[in-house]
Amino acid sequence: MLRVAIEVERRRFQVAADFEVAAGERMSLFGPSGSGKTTILETITGLVRPRTGEIRLGDRILLRTAAPAMDLPVWRRRVGLLRQNPALFPHLSVDQNLTYGQGRRRAQDPEELIRRLELGDLGRARPAQLSGGQAHRVAAARLLLADHDALFLDEPYTGLDRRLARLLTDLIRDTAERRHLPTVMVTHELPEAQAFADTMAVLDEGRVLQRGHASEIVRRPASRRVAELVGYVDFLGLPEGGTLGLHPDRIRPGASPGLGRVLRGTVRRRRPSGAVWEADLEVASSPTATLTCRFDDVPPDPGADCEVTLLDPPRFDRDGKLTAETAR
Amino acid sequence: MSGLPVAAPTLLERAGRAGRAGSLLAVLAAGLIWVALLAPIIALLLHLSPSSIVSSLTASGAFAPTVISLEASGTTVGVLILAGTPLAWLLAHDRLPLPRLWEAGLLASLLLPPLVIGLLLIFMVGPLTPIGAALSVIHLSASNTFFALVVAEVYESAPYYVLGALTAFRSVDGRLEEQAAILGDRPGRAFLRVTLPLAAGGLAMALATAWARSIGAFGAVIIIAYHPFGLPLQIWTTLQETGLASALPFALVLLVVALPLPLLVYGWSARAQGRDRG
Amino acid sequence: GGSPAATKPKSTPKPSGTANVAYAASLENLNEKVIGPDFTKKTGYPYQGRGAGSKAVSADIASGEISPNVFESVGGKPIEALEPKFTSWYVQFAASPIVLAYNPQSQYASQFEAIAKGTKPISSLFSLLETPGLKLGRTDPNVDPQGAAFIEMLMLAQQTYNLPSDTVQNILGAPASSSSSPEIFDEAAVLPRLQAGQLDCSSAYLSEAVQLHLKYISLPASINLGDPSKAADYAKATFTLASGEAATGAPAVIDITTIGTTDKAAADAFVAYVLSSKGLALHKQGGYSLLKPKIFGKKSAAPAAVRKEIS
Amino acid sequence: MSGLPVAAPTLLERAGRAGRAGSLLAVLAAGLIWVALLAPIIALLLHLSPSSIVSSLTASGAFAPTVISLEASGTTVGVLILAGTPLAWLLAHDRLPLPRLWEAGLLASLLLPPLVIGLLLIFMVGPLTPIGAALSVIHLSASNTFFALVVAEVYESAPYYVLGALTAFRSVDGRLEEQAAILGDRPGRAFLRVTLPLAAGGLAMALATAWARSIGAFGAVIIIAYHPFGLPLQIWTTLQETGLASALPFALVLLVVALPLPLLVYGWSARAQGRDRG
Amino acid sequence: MLRVAIEVERRRFQVAADFEVAAGERMSLFGPSGSGKTTILETITGLVRPRTGEIRLGDRILLRTAAPAMDLPVWRRRVGLLRQNPALFPHLSVDQNLTYGQGRRRAQDPEELIRRLELGDLGRARPAQLSGGQAHRVAAARLLLADHDALFLDEPYTGLDRRLARLLTDLIRDTAERRHLPTVMVTHELPEAQAFADTMAVLDEGRVLQRGHASEIVRRPASRRVAELVGYVDFLGLPEGGTLGLHPDRIRPGASPGLGRVLRGTVRRRRPSGAVWEADLEVASSPTATLTCRFDDVPPDPGADCEVTLLDPPRFDRDGKLTAETAR
């Protein structure tokens, strides 16, 4: 079990985090760029020193600023961190990088890992000869092969395509489960975060805004700000006061009154998005609003009207807090 | 240390049509400067007739100074590595309070001319000083002994080594050292596995410089360690005794016996850093 | 001698050529700091000097490694070795007797002082030097003429004062031919070491002791190698150097000559300047004892300007 | 150059409970080595009485050598920067064919003892050599002139500068130089805006070393440029002329006048690299 | 107009690219990790030297290996490249980094750019004090402020959340349009690639497999390999030979025979994904296959049967090539 309560001074704000991650629990840390995610991970690892705080891992105290003060150096914390910059050792071959952290206890079968991350033919290459995504995978594999008591992954999907990202997710999951480690992942990809994690913490400007089950947070963001962060791109002012959060994935074209509130709008723009299409609709509701909706096929021509159904949108009051009743 | 994903191009490959003339000019200019730098060595080689080399080197006692020089400089470099490396590492990693003061001290010690170092060493470790007396208790003397020779060489070369190593350590990307710590390396292990190979270029230069300073040490040596004779004193006394013609071959000997170490060290540094260049 | 200005040949309005002087290393300071600059000032000829052991200079000239046009040597032998190819004459004009400099803070200072003042006989000096633990400094007999002269002085003293036959051995603490006795230091190091208080006493030329304001014990002319007239006596002190050559006692005199014909006017002017009253006075100030200048070898070969200064 | 996002911790902050004793020990050991290194300077300061300093420095002609030393070393360092920097840059960027050979030459020239350099310079630029004759045509002489002094100092210090600058340039991350080129910088501009500030640490060390070597140059200087007198020769002749007590104050003068430049250069390097340390 | 025809030796294969990008055209380069995307961009920029080839930009020849040979150095090519590693100048402040490449011609209003990328309060910070995403944004802004004749962006979205990614897309679009530059972007995010680009090239092991309109490529991948690369995770063997490519976004839960082929399967696993759910279904077709389908709400319990409709799936023959008729 990892128990963190820290306050770290940063350039413009203070990062204050207070949370626990149970052994075997996988948590994802979600937040906009510059919100303090890396700061938290680096503080736990011992690379950044907090102003005050306490960090415990299992029965070990990694850091305590209160008396009796304690500050384990990085190499004694046994906390594994995959950083945003892969930081491969440029003077070592890929193979030597991979086995760098392997102690007496073999944490993982290297062969299997290398195979699963498709690093098979890179063994003798130098880091300078790797592509960006290859370097990132090597860094991830190097971390998983080392023997740590906790795993932190700071944007492990950098430079990886969807397929490799999913492979890596599975690998980290397997490792964390088998070794029963508390694991924290930072990512900007909500689906990846969910595919990986049990729980999620949403961070903004150094504070944890919401913590809970990932699907719960996405469905019921505690505040408008959280909603923005987890992908609600549009907000619809309600005549009765408050706003509805609109998520592109949770708007259905066509009127299905049984499923939720139906809105009528005018198509303003449309574009392909992945295997489907997206259209921006201007909604005729009292304060004019725009919303983005997905279509399986080419949306109506711009200027045409169309109806959409909102699937169970969260509703926020004037202060931006989630209100208990939903807006069916 | 460059991680640039560029296959090393040959000179003419790299220069485009427009750049080629410029590059050739640059190579020529560089060559000129280089040759000017090497001019004394060229003069030395031109000046030595094979017979004079043979006769000087086969003179009785010509072999001993070489051995003594190598032994003393070897010992000196050993002492520097053992004592200077940790100091440089601590300074480079900001582990010492008031780093500017430490640096200033090193720079000051760099500025003492060897002759002055020798004179001051008399005051420090002469037989009638406290340190000299203490040394004599353990049957060591810091005048005219191998020990004195090493002391003189250490003082002539130490600032060069420490400053060089300090610079080398500073040029290592701190993130890689942090990465080693994350992967569980104690500082000592991280030093050997990461810092050392990555600082290899600068360390090679620091070592080569220290080696050159110590094997060529003269100013301080002649004052506190007239014997045992190393090569610089051999050159000097031969010069005084029998003149240039017999003295200069020893300069060549010095070059020949002193060059392998720096060459090896530079070779090691290129390998350690994984640079594979021509 | 006449005034140096008078020696400047009026016939050559603008001096051309350089006085390129090779000299015995013990003259370095005097030549470079005093004689050279003053010579250039008085005559207009540029001066360039280089010091090394007299024997080495002689060898380098003979082998063509260096080509100075003036040579100042300690003792006439190195010059005679160059005759007749490079020169056939030289002038002897100063001497530099050996003294024993001592450290006034030494535990033996009072005894040195008593000997220096004459309250104790000079012969007692040598038994004092035998004292175990007394730190004597001297220079390398194989490299530095002074080093050999010091040993020769000890040998002369042993003969003159009928000292026990192992006196020299005991004082030297090593064979006379050795370069690596703990007492042997470089010329540049031995007196600073004495001044730093790390020696009890040291061999020195009178010129050095005077310049450096050292306390010293003058030695009688019969042993101090400073009197050319006692050359025959001095020659009785002889020992073998490491090279197998014999070192034989000879007066520590300064001899000067010109070499070859390069820039002959400048060379002649330098020798004439050295032998002028100004030049000699500067040597005296520098601690040398002046001798009446005397030409050795082929007198007629000496340049007129030089002969003029001597007459 | 470290890009580590770690607020610089103070010494005791960083050391955990367990580490603290170790760190204190390290600081103590480092301090010991440092003091040992500085021992000659300490001895110098202890041995100078204020009166001896005053009397030596006010002796007539005591000021001129200082000026000459500063002028000659300043010129030397200027020459080195102009000629040595491009050579080092070309070597560091693998723009020259057979880089190993060039390096070996530099290492060899590092190994010539100053005295030997002086002797060889006589052969090279003495008045009777072709170069000497050519020089005399333009009314320059490389013996006993300011020019000769600079030549001697250049040869004594050049290898140190070039090797140091080479190492400094090599430690710069090539990707940043590439980035400057992408943003449109010609090599010259990229050099000034990126390479130079990033190599500042190593260059500062190369400059400080070259400066120390040149202002303290003795071996080659005494042979080809006895005049005009710089400080090292002033120390030497004073030692011969009036002894240790009057010679040592000049060593202090040398320290005092020579120290500001390296200190400034180090300060500049710290600023250029954006390190803001104690 | 940019015209590229190059062959570059890499560690295990040769990267051979031959394409044109018109002035003002925005192309995205899509391909798995290690396929040669960066190699192509760096070759055009002049950082990597090809074995053979020719590169023209407008009427300038940047490189020609055939006689008369030509090789403009990087700084004369005027080709802007945002690299995967932001490579900020560590000794300069953020402001100094931003204005580094600004020549006499002002390419863009710095104020506006800084505001739009939300870099406003970072001006005096040092690169070492930036978060990963901040550093990346600064690097992007620095590039856009410099005056180039072509723009290449290698994974510009690294470390950025969806919102910032979209902002950056808009900014690059605006810049490219206003300055009428040929622009190439490398990204692993299909929606981002589409939001940005007109055309797309799919790269694999150094070869361009398909080139065309982005939505066209996604709907009609020329081969099974292309399909895999653009997000078709499952393939369904057909009894009549050949396979269907299944894209999670193009599978509808429920039977809507009017829309496409209906399949019946058993739910094996389910998980939340973004604001919706995903389930893995085992399909009863002849060779047993698995497919992933999106559900608006919680999918049926594992073990339960359910029907799904395939929306216009592409069909591949035995060699993996797209067959003309689709499998309605």
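Here the chain labels run A, B, C, D and E in written order, and each chain numbers its own residues starting at 1.
Definition applied: a residue touches a chain if its C-beta (ideal position, glycine included) is under 8 Å from a C-beta of that chain, and two chains touch if they have at least 3 such contacts.
Just so you know, these numbers come straight off a predicted model, no measurement behind them.
Chemist: Just to be sure I understand: going only through chains that touch, what's the smallest number of steps from subunit A to subunit C?
Modeler: So the least number of steps between the two chains is 2.
Chemist: What chains, if any, are shared contacts of subunit A and subunit D?
Modeler: Chains that touch both subunit A and subunit D, as defined above, are B, E.
Chemist: State the pair with the higher C-beta contact count; candidates are C-D and A-B.
Modeler: A-B
Chemist: How many angstrom lie between the centres of subunit D and subunit E, each centre taken as the mean Cα position?
Modeler: Once rounded, the distance between the two centres reads 53 Å.
Chemist: Averaging over Cα atoms per chain, report the distance between subunit A and subunit E in Å.
Modeler: That pair's centroid distance is 21 Å.
Chemist: Per the centroid of Cα atoms for each chain, what is the distance between subunit B and subunit C, given in Å?
Modeler: 38
Chemist: For subunit D, write out the residues touching at least two other chains, lowest number first.
Modeler: 1-6, 14, 175, 178, 236, 239, 244, 247, in rising order.
Chemist: Going through subunit E residue by residue, note those that touch at least 2 other chains and give them in order.
Modeler: 38, 47, 73, 85, 129
Chemist: Find every residue in subunit C that makes contact with two or more other chains and list them.
Modeler: 66, 188, 192, 196 - these are the residues of subunit C that touch more than one other chain.
Chemist: For the complex, give me every residue of subunit D touching subunit C.
Modeler: It is residues 122, 127-128, 141, 143-144, 223, 226-227, 236-237, 239-245, 247 of subunit D that touch subunit C.
Chemist: Within the complex, which stretch of subunit D touches subunit E?
Modeler: For this pair, the touching residues of subunit D are 1-5, 175-176, 178-187, 190, 193-194, 197-198, 272-274.
Chemist: Quick one: which bits of subunit C touch subunit B in the complex? Just the residue numbers, please.
Modeler: It is residues 25, 52-53, 55-60, 63, 65-66, 135, 140, 142-144, 179-180, 182, 184-186, 188-189, 192-193, 196-198, 242 of subunit C that touch subunit B.
Chemist: Under the definition above, what is the set of subunit B residues touching subunit D in their complex?
Modeler: 1-4, 6, 8, 10-11, 14, 23, 26-27, 29-30, 33-34, 36-41, 43-44, 46-47, 83-84, 86-87, 90-91, 94-100, 102-117, 119-121, 123-124, 155, 158-160, 162-164, 166-168, 170-175, 178, 201-202, 204-205, 208-209, 212, 215-216, 218-219, 232, 235-236, 239, 244, 247-248, 251, 254-255, 258-259, 262-263, 266, 277-278
Chemist: Contact residues on subunit A for subunit E in the complex?
Modeler: For this pair, the touching residues of subunit A are 11-12, 31-35, 37-39, 84-85, 121, 125, 129-134, 137, 154-155, 158-164, 188, 190-191, 194-195, 214-215, 218-219, 228-231, 233, 247, 249-250, 252, 259, 271-277, 296-297, 311.
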